[in-house]
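You will see subunit A twice below: alongside subunit B first, and alongside subunit C after that.
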Partner chain A sequence: MKPFTRDWLRRNLFSDAFSSVTTLALLAAALWWLPGLIDWLLLQAVFRPDAAACEAANHAGACWGVVAEKYRVILFGRYPYEEQWRPLLATVLLLLAILAGGMRLLPRNALLAAWALALPGFLLLMGGGGFGLSPVGSDLWGGLPLTLLLATLGMLLALPLALLVALGRQSSLPLLRGLCTLYVELVRGVPLISVLFLASFLFPIILPQGTSIDVLLRVQGGIVLFAAAYLSETIRGGLQGVPAGQRDAAAALGLGRWQAMRWIILPQALRAVVPSMMNSAVSIFKDTSLVTVVSMYELTGALSLALAGDAEWRSYHLEGYLFIGLTYWIGCYAMSRFSRGLEQAASMSRAMP
Partner chain B sequence: MKTIQLVALLFLLHLAPAHAGKTLDQVRQRAQLACGVSTGVIGFSSADSQGRWNGFDVDLCRAIAAAVLNDATKVKYVPLNAQQRFTALQSGEVDLLSRNTTWTLTRDASLGLHFTAVTYYDGQGFLVPKRLKITSAKQLKNAEICVQSGTTTEKNLGDWFKAQGIKIKPVVFEKFEASIKAFFSGRCQAYTTDASALAFIRSKEAPKPDDYVVLPDLISKEPLGPVVRRGDDEWFAIVKWVVFALIEAEEYGITQANVEQMKANTDPAIQRLLGSAEDSGKLLGLERDWAARAIKAVGNYGEMFQRNVGSASPLKLPRGLNALWSKGGIMYAPPVR
Partner chain C sequence: MQGRRRGELAIQALLAAALVAALWWLLDVTAANMAERGIRSGFDFLTDPAGFAIGESLLPFDSTDSALWALAAGLANTLRVALPAILASTLLGTLIGLGRLSPNLLLRSLCAAYVETLRNVPLLLQLLAWYFVVTDLLPLASDALQPAPHVFLSKSGLAIPWLGGDSGVFDLPLRGEMNIAGGATLTPEFLALFLGLSLYTAAYVAETVRAGIQAVPRGQSDAALALGLTRVQLFRLVLLPQALRSIIPPLTNQHLSLTKNASLAVAIGYPDLVSVANTTLNQTGRAAECIALIMAVYLILSLLTAWLSAWMERRSGRWAERA
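Let's turn to the complex of A and B:
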């Protein structure tokens, strides 16, 4: 932290006429807006789940009571009320695994083991059907655990697929190259929402009578295919950014094609595209909110479910959206911190080979 | 080999009749009724803070579950939005759609569905700011009108003003909250939706209710009712007759509270309805006390109305057209005999 001195002020805020004016303008704006904002957010806000108090406040202050009243429906959607400790535990489990990976708390093998436990553990807790847990159909999963599952699995499964497609597009086999290009162009050419619609509505109609694939599986598959198309282009960019000399040098060292790819090309290519891969991850995380259109009630969907039909609480949508907006922001911010950690680690390993 | 399988599969797909099946057997087998409801319409279907569903449409699901499974709680509610409701029914995801859905020719004839009976007669109306001094929908010339997409509301709006030779500009929103927020922030000069919702929107969502008026014009007929898949006439009959039984119960003064005593009533019509003399359930493939169970679960039609949308509810809607035919309305059920 720098000392707060006149010198610092001059250097950072009033270095020339333009920055002085900007500083003053921003300060004035803050003074203009902040009191009202704080007044609405905190001072006049109603925190108790008390509909009458909220109505009395008449939107002069935020009605956080709506979150206090409805948080279980918002966080867990249609999951059976008495069983909601299970999605809670499952969410915590998955978050711990994500944190362990993101903050590099565990060595690689332990991390793999943790994930190998966390994912099946998550699915078992949510779905039940064993260990004395009553079965809960995946159509009843909702809220935060669903958002997390769709985003996490979406990324985890899309990454290897994207890698294969990116390599395929560089292949010397015209058929393979053509297929990979076709896939990328086809999927990238349609909006995610139509991929979801296809997965959710068209698929069951073209399936033979009596067979059905779980809707969550179909939607997850759609998200993976969609994310992989974007990621593969990112990775291909990274691959092309690796200078040709590296390949030649690897060949001169006697490394085979795949060895060179594994040890020389890919590490450099992937390192270079960490920020844009994280960009995709953030956008997938937020895009999961689109599954509402196919009757899966993740965070945003669960919020409408909680409020739309409720005569007492319906008019406090804004507070509800702010609440889940905060949830999304925390997730995205954590992801960008993770990305910065990765970049720093990568630059360190470059400095010390 | 793969190709042959694929061809065989396509062939089978063409042969198989579209989702014909014994819905009743399936419902009994899984001991649960899958009921499609709306994602939240005050008074008709909504989930409370504990995820329990209630409302007028929801009560109908419960009545049918009670008649068929003898347990009104054995219902799985599947909240569906306007766009996906029919697909969910066609694909067999739900056994029944009880989701304030308007009965129209196109829907009835082209979607592979059957509308069973009318449970609520609604109509489309307008909400306008008082300061515009509009007293009739015909004065909305060149007005921008906020409307929600994917419903008959949107189409009615276009049709009616076209017939009147008046130009309007519809402003379409996907989400209900977005549409009313837009209207109350002045984006449109009028808001249109079913009359059952307008009064409540005015009293509860408007910044100042007195600044807005509901116009007297109704521009459409909106008969709402439960829908089933085609190809299962038995199930179609069951849903239809549970609705009729609830209406008939009101006619005969059978209520949730007195249904047990009424079984001993000497009126043959009541005896038939409640299964105490003749077995009216056998013809439907149900037990003889099917109607009594439904009434016990949700009350008669009038009770269902008052509790969810009528005077005992936040909506406070008058019975209007939905009063019994004998009391000035048009709610009329064929006789159970």
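Let's turn to the complex of A and C:
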């Protein structure tokens, strides 16, 4: 049906009395609110990094100048100012690798090679200490690259662990099964913050003297342990969804238990749960913001770092929150669109055997 | 078969031995580390005076009370924000979920936009933003907003009428020279946490409700309409009873995540269980004990919720049979 024709209007906006009232009420609300909102967001907003102009606007318009003034700290945290091309390049590198994986720009082997280069490249650019790059301690890493690193490594390292745990829960050994179940239920029962506290306060005490692990690694470990518990439940669901006949058929063909798992069960199980794994990826990406609580300056923490101590700009936190909120939103929305695309492709391939 | 059984037993024995060895080694290292750094262990600190104040508390608390009582006050605060937020998010989320199924295009798009916006921004960021809005952008108490009679909204929080007081049944807040007196005041921390948790979780509840209703086969609505049921009857007698069965398990999961997410209170200074435990940890240095306490309480809450969910599923099954 063509939009804005009579039939279209009747069906979509005025189908019955209730619908008509809703339409009118929503239009009235839009007329009431939208001009003020547009005024604040754009017309009366100050875009220059000019504190005096922002103060003169007195919150009648947004002060986007705060982003223009502070974007380096918001995006890169405490990373040394002159060296900030390195986190920028590292971020671009990692984003390209993620895009190449998501959009299937490369054949599988090239993709593996790209990732094998991108991750060490990222760490080298950030950390330095070779190729003429001055060393920068991981305590100075921050902002967007830190968020991306925590989320990407969190997902990549949690996947194999989750797979092992999911297989462990299907094992015929009661002890192994029990241990895996205990791990999953324990982690899923507690908030991420408590796991991060564990990583930052307790890991140093339970490891031998002299093996001091840097706080980034500990927190990354906490995120991996947390994410793996949720992912393993997803994978277990996929494993249970594979019809029993597949296993029987594999056995009838003379495949051993592990061969059947590797070539018959796992490919079907994993393919079925890719969309829910993408949901987990979105959660992990959002959850990285919690490392702020254990004093790391990823995107959310870097914003406080940029604004909290600066009397001139501190009253424009809201604009800062909106800016990084948009950054998170773009990432999450892209991931969920991607997962929906996969789902549609999967249901189409099911429909056309 | 016997050989396989024996093999499995042997593997499990090995596994158990490895586990015991690893645990023993960890405990040994931990004990050595703690001895070296002079960290004491044990739960005896729980009966010592807490030595810190709690911003707001449902239970009567002052700094001479025991640390255990402080943690109890923290848990009470967690529940004080989580339970109303569960109620609010369920109501709002149900409305938005139904809105996403509305034949009205505007309403449908508005509800979809709500869900896509709130779900795709970290909760912590939303909490910080709400906290900033309440504490920085609202007017001072001396010129508080008055959205309804005897309700005052300002930097100092939300003052509402409450039971009790000197005269009559209700204690009404009144505007004074510098501040608002009387009634009950919800602190900015509570307000920000309650708003943030409710609005964020409502987006997830909306998706749960929508999926549950869409899972009811279309023939059911067609048949009900053919029988002459009105839309409201269709909803109450046909769709809801069937949808509830698939809605309740994920919905209780959402309620549980909300309770776990209440631990983000620590970022805005609302004294919930985690934030009180964190303060206790910093004061006493008993990291392992405090973290173990947090985890134990949340595990118990999870178990209780699982049990409650199973009970509700049984009940909703019975309701569906009766309907």
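The definition used in the following text is that the second predicted complex is superposed on the first by the 330 of 353 C-alpha atoms of A that agree within 3 Å, B and C clash if a C-alpha of one lies under 4 Å from a C-alpha of the other, contacts with A are read in each partner's own complex, and residues count from 1 in each chain.
Operating definition for what follows: a residue touches a chain if its C-beta (ideal position, glycine included) is under 8 Å from a C-beta of that chain, and two chains touch if they have at least 3 such contacts.
Bear in mind that the values here come from a model prediction, so they are computed numbers and not experimental data.
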Fit-or-clash call for subunit B and subunit C when the two complexes are aligned on subunit A: clash
First (subunit B), second (subunit C), both or neither touched by A:78: first
Which superposed partner A:92 touches (first subunit B, second subunit C, both, neither): neither
Contacts of A:194 with subunit B and subunit C, given as first, second, both or neither: second
Which of subunit B and subunit C A:69 touches, first, second, both or neither: first
Which superposed partner A:208 touches (first subunit B, second subunit C, both, neither): both
Which of subunit B and subunit C A:56 touches, first, second, both or neither: neither
Superposed model, subunit A: greater residue contact from subunit B or subunit C: C
Contacts of A:317 with subunit B and subunit C, given as first, second, both or neither: both
Which of subunit B and subunit C A:293 touches, first, second, both or neither: both
When the two complexes are fitted on chain A, the stretch of subunit C hitting subunit B, from 62-70, 80-88 or 134-142: 134-142
Set intersection of subunit A contacts, subunit C complex versus subunit B complex: 59, 201, 205-206, 208-209, 293, 304, 315, 317
Subunit C-facing residues of subunit A, complex: 11-13, 15-16, 19, 22-23, 26-27, 59, 172-176, 179, 186, 188-194, 197-198, 201-202, 205-209, 282, 286-287, 289-290, 292-293, 300, 304, 315, 317-318, 321-322, 324-325, 328-329, 332-333, 336
Contact footprint of subunit B on subunit A as seen in their complex: 59, 69-70, 72-73, 78-81, 139, 200-201, 204-206, 208-209, 293-295, 297, 304-312, 314-315, 317
Touch list for subunit C against partner subunit A, complex: 8, 11-12, 15-16, 19, 26, 29-30, 32-34, 36-37, 39, 102-107, 110, 116-117, 119-126, 128-129, 132-133, 136-137, 260-261, 263-264, 266-267, 274, 278, 281, 287-288, 291, 294-295, 298-299, 302-303
Complex contacts: residues of subunit B adjacent to subunit A: 9, 12-13, 16, 19, 38-52, 55, 77-81, 83-84, 87-88, 90-91, 93, 175-177, 181, 200, 204-205, 207, 313-315
